[in-house]
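Okay, so subunit A shows up in both of these, paired with subunit B first and subunit C after.
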Partner chain A sequence: MSITAQKLNFVYNAKSPFAKHALKNVDLHVESGEFVAIVGHTGSGKTTFVQHLNALIRVQSGSLVVDNHDLSSKKLNLKALRGSVGMVFQYPEYQLFADTVLQDVCFGPKNFGVSKEQSEVLAKEALALVGLGEDVYNKSPFDLSGGEKRRVALAGVLAMKPTTLVLDEPTAGLDPRGKKEILSLVKRLNKEQGITVVMVSHDMDEVFENADRVVVFKDGEIVYDLPPSQLFQNEQELVAMNLELPQMARVLNVLRQNGIVLQGDLRTVDDVANALQNLKGGDC
Partner chain B sequence: MDIIQLTNVSHYYKTYDEEGNSSKVVGVENVSLSIKQGQFVALVGHNGCGKSTLAKLLNGLLLPDTGKVEVFGMDTADRSKIFEIRKNVGMVFQNPDNQMVESIVEDDVAFGPENLGIPQAEIVERVQTALQQVGMADFAKRTAHKLSGGQKQRIAIAGALAIRPNVLVLDESTAMLDPLGRKEVLGVAKQLNQSGMTVVLITHFMEEVLDADLVVVMNEGHVAKTGTPMEIFNDEQLLAEVGLQAPRAVQLAKKLHKAGWDVDSNCTDATQLGGKVCQLLRKN
Partner chain C sequence: MFRDVTFGQYYPSNSFVHKMDARVKLLLCILFMVGIFFVTSFVGFLWVTLFLALAIGFSKVPLKSILKSVKGIVVLLVLTALLNVFFTKTGNLLVDWWIFQIYDDGLIYAGKMFLRLVYLVVGSSLLTLTTTPVDLTHGMESLLKPLRIIKFPAHELALIMSLTLSFIPSLIEETDRIIRAQKARGADFDTGGLVQRAKAFVPILIPLLVSGFRRAEELANAMNSRCYEGSTHRTKMRVQKLGWRDAVGISVVVVVFSAIFVVHATKGAWSNLVPWLYF
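Our next item is the complex of A and B:
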């Protein structure tokens, strides 16, 4: 569902010598069904912003509307909001706690008042969605691999049938295979189920290949809000912000500086290889 | 000179089922490997492949069930040599927050030499040198937990350096850091290597192994292949099998090279690759 933030401000430890202005007049609109990546150097306000989205941090000033819930209102229905905005924290596998995988995934729906039987149905659906089958239902979540644990944690959020998924560095610390699994899952949820995705990430290659739009935070402000293909043309500015450039964007930038502009929205290695091959005449 | 020598090393973990029956799980099996003085060795593989088990075998944190690990000719199974071995092989782990023992930076770095019973005057000198080596000399009196992740990890490295080891093992020490922190830590590792330190780097980031002298690919507890970075990245079958991927620029270079472009298939730098492609396109 859509998200609209207007003039959102947040100060940690306000009125103390340690006051830190973490968000400064943030304006952002995310349409329903979009895949938006949020990037920025550590301490730029990314996490503070996403924690606003399901009211873990309450609005201090400005306005924020998520899925028709007014988050600046005192009468906010927290339960309904948190049912529709699923939040996946950094290293979510640290939050697994139950004896079995199925019990762990059932925890969310049960807390929202769903019956035991029905929450098991939801849990099984969610586990199927993340590619885990019956064989893991009765296993301890702690006996699974890192990538599997993370998928169980994700299933725990999906079992609540959220319409918006907020993920804080969902692939951090995973091996390349685990990263791929999580990313293709998030992309599938976005494309097939129309779930709105807001993803914080440090991996620019990942952002370049997956996001519809990239929002760049710096010192609590949004400095860029562009599709990836346009954003990464600002090479010097991004490097100055200590952000890395996706490798394919670097190749495309060199070509552009030399007057060679490839057609189409090129993201992956294959996209670029094929476009170059077409230019030269022939298949790759 | 081979300073670390593993001969047919196996290590198993015990697991217990609900009835309390134990069974064996392979950590590493039949691993033979030698590391030479001054080498930069990268250890890669997906989660659960035995990388960390192997790392812990290098300084006797784990002992082989069968086979032998020798460090500077000393057998790690020989209990009387264990302190001497650990003085030679320093280790830094993944999570910087779990490795701080003191609240002030210089106290934290002094922890190792203090435990070895080094005289006070020499400790002061060692701490200063170690902090200089990681570029953190100005932070000696600061509070350790208020530093950034990359800085904390550099302090952890300084802590290992204060023992004056010959080998530094970094077990996914960059996994939890942001791109800047990763760059800092990797920079320190490379610099130490250039001044003669043997470095064993365990990582999931393929970009980090490009400069290694030797890459060891682990899979299911076995060494799947050892070779230079390019020997590994050229073995596409192996990469697919163990779930690893070459950096994207390397992938593109190989694709173009295969399609008959006159680009160096060993090109690792995206900007360089872009430049070469421009040259080739202009000629046509």
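Our next item is the complex of A and C:
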């Protein structure tokens, strides 16, 4: 599902002493099946932007089209939109409420009019997708560990079978293993099921490894919209915006400064190590 | 949905009234509220109006924000006015229609009651508009201090109040977030019958309660781990000091309301001499 934003503007608390211009003339196009990461300093407008995507914040001015839904129109079919755009908030485990895990995951599909039996089927599928088995179905979500809670919350969104997934810092506060699990799941959904992914993140390493494109927000504006390999060559500009560089991008930059240019789309430690080895093999 | 709600409606500015001491403002506000009930004549209300206009002018708070708080009691205002109009049975009969009789005294009472209620709200909202909630609780704590002699826990009370106040914005934010998250999962809060709507709030209330307890526990742990101990000789970072502005404020209020009390006290004696003063 594609996303097209044109001249999107948003002001919080308009006409009051607290007015804040959170989005300024944002233009962005995301193709169906893309994996786009959104980065930026706190207060740069990235969360405001992603909340527009399923009409939790309504368009003030400009236009936004997600799939065939015109979000600036008053006659927008909210249910249909929210069924196809799955939104995973920061710390989604705080939205769990039901008595059992299964009931909680069923909440989404049921709201969209799916029968009880069918929604249980969907819920079980979603739980399997996030790697949780039958043993948790009847547990209270409050008895699970932090990482498990997060996965249950994610399953709660996936059970609605969204075609676009919007994630706001999905790995914040997780241990390295939990992070890896969530990210590989998102990546799998993107590659295997063709789900369009828009992910807000502070972790540049995970952005570098996973995203097809990185969009950088600063003070409500888009300042960069590039593939990660190109974006992170702008070292000084990014540091000036308080954005850290991914480890591998730093390695590649240092190598480049020393005259070693590696070819190909290199994202992980393994990629770079292999490329170096090949280079060495070729030279000797 | 809740983002526009600011608790305590504080209006940031750097005005004369804003800079006054919170304790003084609190006391003057109480004096004002008591005083307004001694105003019985329209001349008196004229004085109070002038006083309020002066105070609002010096507070630099736009009239619109003040009138917003009056909007909250419109129903009460209309109801009291109507009751006064229809149930006062003294004075000259003006209208006699079906079961309704309107006397001129009724209209006068209704008018005065209306003004009194509006001014009460305007006066008290002027306090909350020009004083931050934190200053307000510190002011209250300081004013209640003498009660420590009778073992009144003034500091603890102020602590509870300021903690409550500081929790409100974060709980509002949390509620807002949970509502958004559940809406994103297709939750519907606006349609259906009463029972269905009540049920729709379960997915909000439970996470909110859970997070409320979590926050409270975290806060208690944080305080404990820093050896927090009630009121034993704690000092304040921002010490409140009386200044010339407070002296001016007190003088103005005292002059205005002494006049009102004098007029009130001499009602019987002078009403023949200067009847217009008591109309």
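Heads up, the rule we're going with is that the second predicted complex is superposed on the first by the 281 of 284 C-alpha atoms of A that agree within 3 Å, B and C clash if a C-alpha of one lies under 4 Å from a C-alpha of the other, contacts with A are read in each partner's own complex, and residues count from 1 in each chain.
Everything that follows uses one rule, which is that a contact is a pair of C-beta atoms (placed from the backbone, for glycine too) under 8 Å apart; a residue touches a chain by one contact, two chains touch by 3 or more.
Here the structure is a predicted model, which means the values were calculated and not measured.
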Partner chain(s) touched by A:M248 [first = subunit B, second = subunit C, both, neither]: first
Which superposed partner A:N54 touches (first subunit B, second subunit C, both, neither): second
Subunit B versus subunit C as contact partner of A:G156, first or second or both or neither: second
Comparing the two partners subunit B and subunit C, which touches a greater set of residues in subunit A: B
First, second, both or neither for A:G173, with subunit B first and subunit C second: first
Subunit B versus subunit C as contact partner of A:H41, first or second or both or neither: first
Shared subunit A surface residues [contacts with subunit B and with subunit C]: none
Sites on subunit A touched by subunit C in the complex: 12-13, 17-18, 51, 54, 56, 79, 82-83, 86-87, 89-90, 92, 94-98, 107-108, 111-112, 142, 156-157, 160
Interfacial residue positions of subunit C with respect to subunit A in the complex: 3-4, 6, 11-12, 174, 177-178, 180-188, 202-204, 206-207, 210-211
Residues of subunit B touching subunit A in the complex: 15, 45-48, 94, 148-149, 172, 175-176, 178-181, 204, 206, 243-245, 247-249, 251-252, 255-256, 259-261, 270-271, 273-275, 277-278, 281-282, 284
In the complex with subunit B, residue positions of subunit A that touch it: 41-42, 143, 145-147, 172-178, 202, 204-205, 242-248, 250-255, 258, 260, 269-270, 272-273, 276-277, 279-280, 282-284
